[in-house]
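One chain, chain A, links the two complexes that follow: it is found with chain B in the first and with chain C in the second.
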Partner chain A sequence: MIYEKYIRVLYLDLTTKKIRIEHRKDLYSYLGGVGVASKLLEENLKPELDPMDPQQPVIFAIGAASTIFPVVTKTVAMFWSPLTGELGESYAGGRMAMTLFLAGYDAIVITGSSSKPTYITISRNNVEFKDARAFWGLSCDEVGRVVREREPGGGKRSIIRIGPAGENLVSYACVCVDTYRHFGRLGLGAVLGSKKLKAISIVGDRDLPIKNFKDYFKVYQEIYNKVTDTSIMSKYHDAGTPVNIEPLNAAGGLPTKNLRQNVFEHGDKISGETFAHKNLVRKMACTGCPVGCIHIGQFRREFDKGHEYEAVSVSYDYELLFALGSFLGIKSSDEVLQLIEVVEKLGLDAMSTGVVLGWATEALAKNLITLEQTLVPLAFGNTQAYITAIEYIAYKKNEFYSILAQGAEKASEIYGGKEFAMTFGKNEMPGYHTGYGSVIGPTVGARHSHLCNGGYSIDQSMKEFDKEKLVEKLFKEEKERCMLNSLIICLFARKVYDRETILAALNSIDYNLTNEDLDAIGERIYKTKLRIKKMMGYDGKNVRFPKRLFETPSMSGQLDEKVAYELLDMYNKKVEEMMAKEDA
Partner chain B sequence: MPKVLKAEGMNKCIGCFTCMLACAGVNHRNHSISKSAIKVRTSGGLQGKFVSVVCLACKDERACAEACPSGALEKRPGGGVILKKEKCIGCRKCESACIVGAVHFDEDENKPIICKHCGVCAKFCPHECLEMEETANDL
Partner chain C sequence: MKVYLEVGSFLKRFTSEQTNLEINISGDKTAAEVVLSAGVPEEEIGFITVNGQKVDSDYVLKENDIIRVYPIIVGG
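Moving on to the complex of A and B:
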């Protein structure tokens, strides 16, 4: 808790509908965010039970500098992922961090499960479990609307919720936060669904005097100026993350048609420029972020004959344009937005959904599965078929779709086609085929995300490929991001938040930290995550690389499977060394 | 010439709330956006437009000041009012008198939150939604 030497944790039990608050001094050395969440996950996890057992915990946490410095906007969620069967960790922006901060909670631990659908309201002086039976089955946007109408606190409120995919326990169901942001990856939506928790509404409005105004505001202004006056952040506001489509495609790093290609021949039709030109209607920001990277695109839909149209707006980002664009061979910005809309309503992770469908499309073409199973003729570029298939996944239409709802890894175990099931540690791949960094990064990353260690970006910045250097950089970055994610900054601002800036910021709000402390915090958190992974049965040696990665050339040329395994070994050794140090 | 705050570029607003954090921080030494004199909200959920609720700097007659029984709201040159805290009894009459809802109430302090037209929010708005405008002294 800011200005206090403890972490304020709210425990909620959905089975007994009881709450409890604890002031945890022992968690202070984990700073906040992912540090605190990891520790809370470790102590509340029940390794002997199933990942979706009602007793398993879900943790939400804000960071040590949430909301009060520019672009420190994220909330972390940690859980046992139903998709990978191991560490679940996901971040969302929006208003959630501000509302938790101003409601006075650093972290929330949710355990148990409700017998009937429920939603929770949280404020500084009240927590209530409410009847959500009538909300069950509603789409993400509808449930957002009804909760918004029922609950007070507009402007100081955050509403997080799941859609039908979460209710139906699709392994990669997401959680929607404030309409346009998500805990996207690794299936938090399904975990909340298993607990019958449809939504949480948080209101933050407490009185919170600033302690050292002069110091604090000086640092605040410096960071604000860095963010707004310099070019560091402008690309994120301008055309936004989708601006990357064009250079990655030109360089041969854009996974296309289930990575049968590394260049999309229609890349220009789904580029950031094209979206900005044809669809962009608005930009928005998470609370406390002067950048505003959220891009809202609009398309027109005919809902009836006789020129009956409606305008539909959804948010779009690079990863979505990859997963529901190039990866599925979709060649117009309008069609990509249509797919995004379906995924949004149903509450699915857009990245996993696209990559899973990429596998299914190829499996159908190779006759590993039949049209009787897919029900629609999945084919690259066939938007209508994909729209229907996405609905079938969310509702687990038949046996085939129930299996598809468990991810590409699972589906390929059953139907074959593992060599083109594009997953890393069972998590569907991100939109980068840039080199060994994009392969090893998410494989060794604690949560198998490209954001664990930014391997794809190391590929793009490393002048000459060097095994030692790559492994060292990945390892260092993983630890650094553990520390950054305890604040929790938006990783887009990682260049703004260098060590000096972080120390100035934290020390202006009453911390007393050194650079070495930050190192130690990063390592402490990484070790905690690795211990959790072990409890969940993860073994770094037991991973596989889909063959396709080595068939389709990457941005850095053809990749060699042997080298990939060598790099993996090297990384695993580093991890072992670090873990042994602690045991000593 | 005195200056007053004008929120005429709200169509450009990205909803970052930086104006509120800055107003609360500078004018109330508080981290909470509830202390801000300007409130940014959406009209109808996040899919609606952003609007701001802030003092319009009424000239000549100020309803809030007229409603105040203890003379705690003095006319500010150029528009709006100045809160004299020591005279305020916390009756909330100004809150209901302002028909645009620009007088917010600080429950912790038991005093209204009155915009000073200081321009801090405009300085920190990254999108030029807010501006300080010169205006004639009406007093």
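Moving on to the complex of A and C:
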């Protein structure tokens, strides 16, 4: 909590409906965000029980600088992922960090399970468990609307909720946050579904005066000017991440049709430029961000044959255009938006959904599965079939879709086709086939995301491939991002928040940190995550790479499977060395 | 000698909104030099192609080469 030397944790038990607040001085050395959340997950986890056992915890935490400085907008969620069977870590923007901060909580620990559908309302002096039986079955946008209408606090409120996919325990169900933001990856929606927790509404309405305003405001203005007056962030507002389609497609790094191709012949039809011309209607920002990188696209839909049209708005960014675009061979921006709308309503992770369907499409073509199982003729470019299949996944229509709802790794274990089940550590791949960095990065990353260490970005910046340098950069970046995610900055702004800026920012609000402290915090958090992963049964030596990665050339050329395993081994050794120091 | 520079829509803000430029150069000039002299900052350049092929930044241009500059890949 700002100006206090403790972390204020709200504990909620859905089984007993008990609530308590603790001021944890011992968590202060973890700064906030992912540091605090990791430690809380570690101490509340029940490794002997199933990942979705009611006793398992879900942690939400804001960072040490949340909403106090520009672009520090994220809330982290940590849990036991039903998708990968190990560390669950996901981030969302929107208003949640601001409301938690102004409600006076640094972190929330939710344990237990309700006997009937429930939603929770949280404010600075009240927490209530409320009946959500009437909400069960509603889509993410419907339940958002109903909670908005029932609960006070508009403008200072954040509402997070699950859709039917979460209720039905789809392993990659997401949690929708406010408007167009999500805890997207690794199945937090299913974990909340297992607790019968449909929604949480948080109202933050405290007034928090800033001490030493002059010092604080000087730092704030420097950061604000860097964000708004330089080109570091403007690209995220102007074109946003959809700009990536064009260079990745031109360079042969755009995963296409389940990565059978690295170039999409219709890439120009789903490029950022095309979306900007045809579909973009507005841009939005998370609270506390002057950039506004959330791109909203619109498509027209006929209510029914011969009737009027409605205009449907959804947010889009690069990963969605990849997963529900090139990866499925979708040839128009309107169709990509249609697919995004379906996953949004049902509450699914768009990336996993697209990649899972890519596997299913190829598995059907190779006769590993049948039309009797898929019920619709899955084929690259067939948007209508994919829309139906996404609904079947969310509702687990039959045995096949129940298995598909557990991810591409699980489906390929049962039906075959592991060599083209495009996962890293059982998490469906992100949209970069840029080189060894894009392969090793998410494989060794604590949560198997491209965001763990930005391997794809290292591929781009390395002039010449060097094994030692790549491994060292990944390792260093993984630790650095643990520190950044304890603040919690939006990673788009990581070039704004260099070490000097971070120290100036935190020390202007009464921290007394040095560069060495930040190093230590990053390493402390990374070690905590690794301990949790070990408790969950993860062993870095047991991971596998899908063969397809080495068949389809990357942006850096053909990749060699042996080199990939060598790099993996090198990284694992670095981890072992670091952990051995801790044990000693 | 004459070369041609194509700038995608997301980099045209650096070239006064021009997307197709005809440039006269004298002597040996590299692809990167031409792109930089057109106004695209180094940190915004992802990679460069000449006549459809990805080239190193020190590629020396020839008459009528068509250069295309792509933005860096962005994200978290």
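Everything below uses one rule, namely that the second predicted complex is superposed on the first by the 583 of 584 C-alpha atoms of A that agree within 3 Å, B and C clash if a C-alpha of one lies under 4 Å from a C-alpha of the other, contacts with A are read in each partner's own complex, and residues count from 1 in each chain.
Everything below uses one rule, namely that a residue touches a chain if its C-beta (ideal position, glycine included) is under 8 Å from a C-beta of that chain, and two chains touch if they have at least 3 such contacts.
Here the structure is a predicted model, which is why all the values come from computation and not from measurement.
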Task: Check chain A with both chain B and chain C modelled on it and let me know: fit or clash.
output: fit
Query: Now for A:180: first (chain B), second (chain C), both, or neither, which partner does it touch?
result: first
Query: Where does A:272 make contact in the superposed view: on chain B (first), on chain C (second), on both, or on neither?
result: second
Field: chain A: partner with more touched residues, chain B or chain C
entry: B
Message: Quick check on the superposed pair: does A:306 touch chain B, chain C, both, or neither? Answer first, second, both or neither.
response: neither
- prompt: Who does A:289 touch here: chain B (first), chain C (second), both, or neither?
  reply: first
- prompt: Is A:451 in contact with chain B, with chain C, with both, or with neither (first, second, both, neither)?
  reply: second
- request: Have a look at where A:224 lands relative to chain B and chain C in the superposition and call it first, second, both or neither.
  value: first
First, second, both or neither for A:148, with chain B first and chain C second: first
Minimum Cα separation, chain C to chain B, after superposition on A (Å): 18
Statement: After superposition on chain A, the chain A residues reached by both chain B and chain C are none
- request: Within their complex, state which residues of chain C touch chain A.
  value: 8-10, 13, 41, 43-44, 46-47, 49, 54, 68, 70-76
Message: Show me the residue ranges of chain A that touch chain C in the complex, using the header's touch definition.
response: 231, 235-236, 238-239, 241, 243-244, 246-248, 250-251, 253, 272-273, 276, 318, 432, 434, 450-451, 454, 456-457, 460, 490-492, 494
Field: Footprint of chain B on chain A - complex, ascending
entry: 2, 67-68, 70, 98, 101-102, 144-145, 148, 154-156, 178-180, 204-210, 213, 216-217, 220, 224, 228, 283-292, 294, 313
Statement: Seen from chain B, its contact residues with chain A in the complex are 14-18, 21, 25-26, 29-35, 39-42, 45-47, 108, 124, 126-127
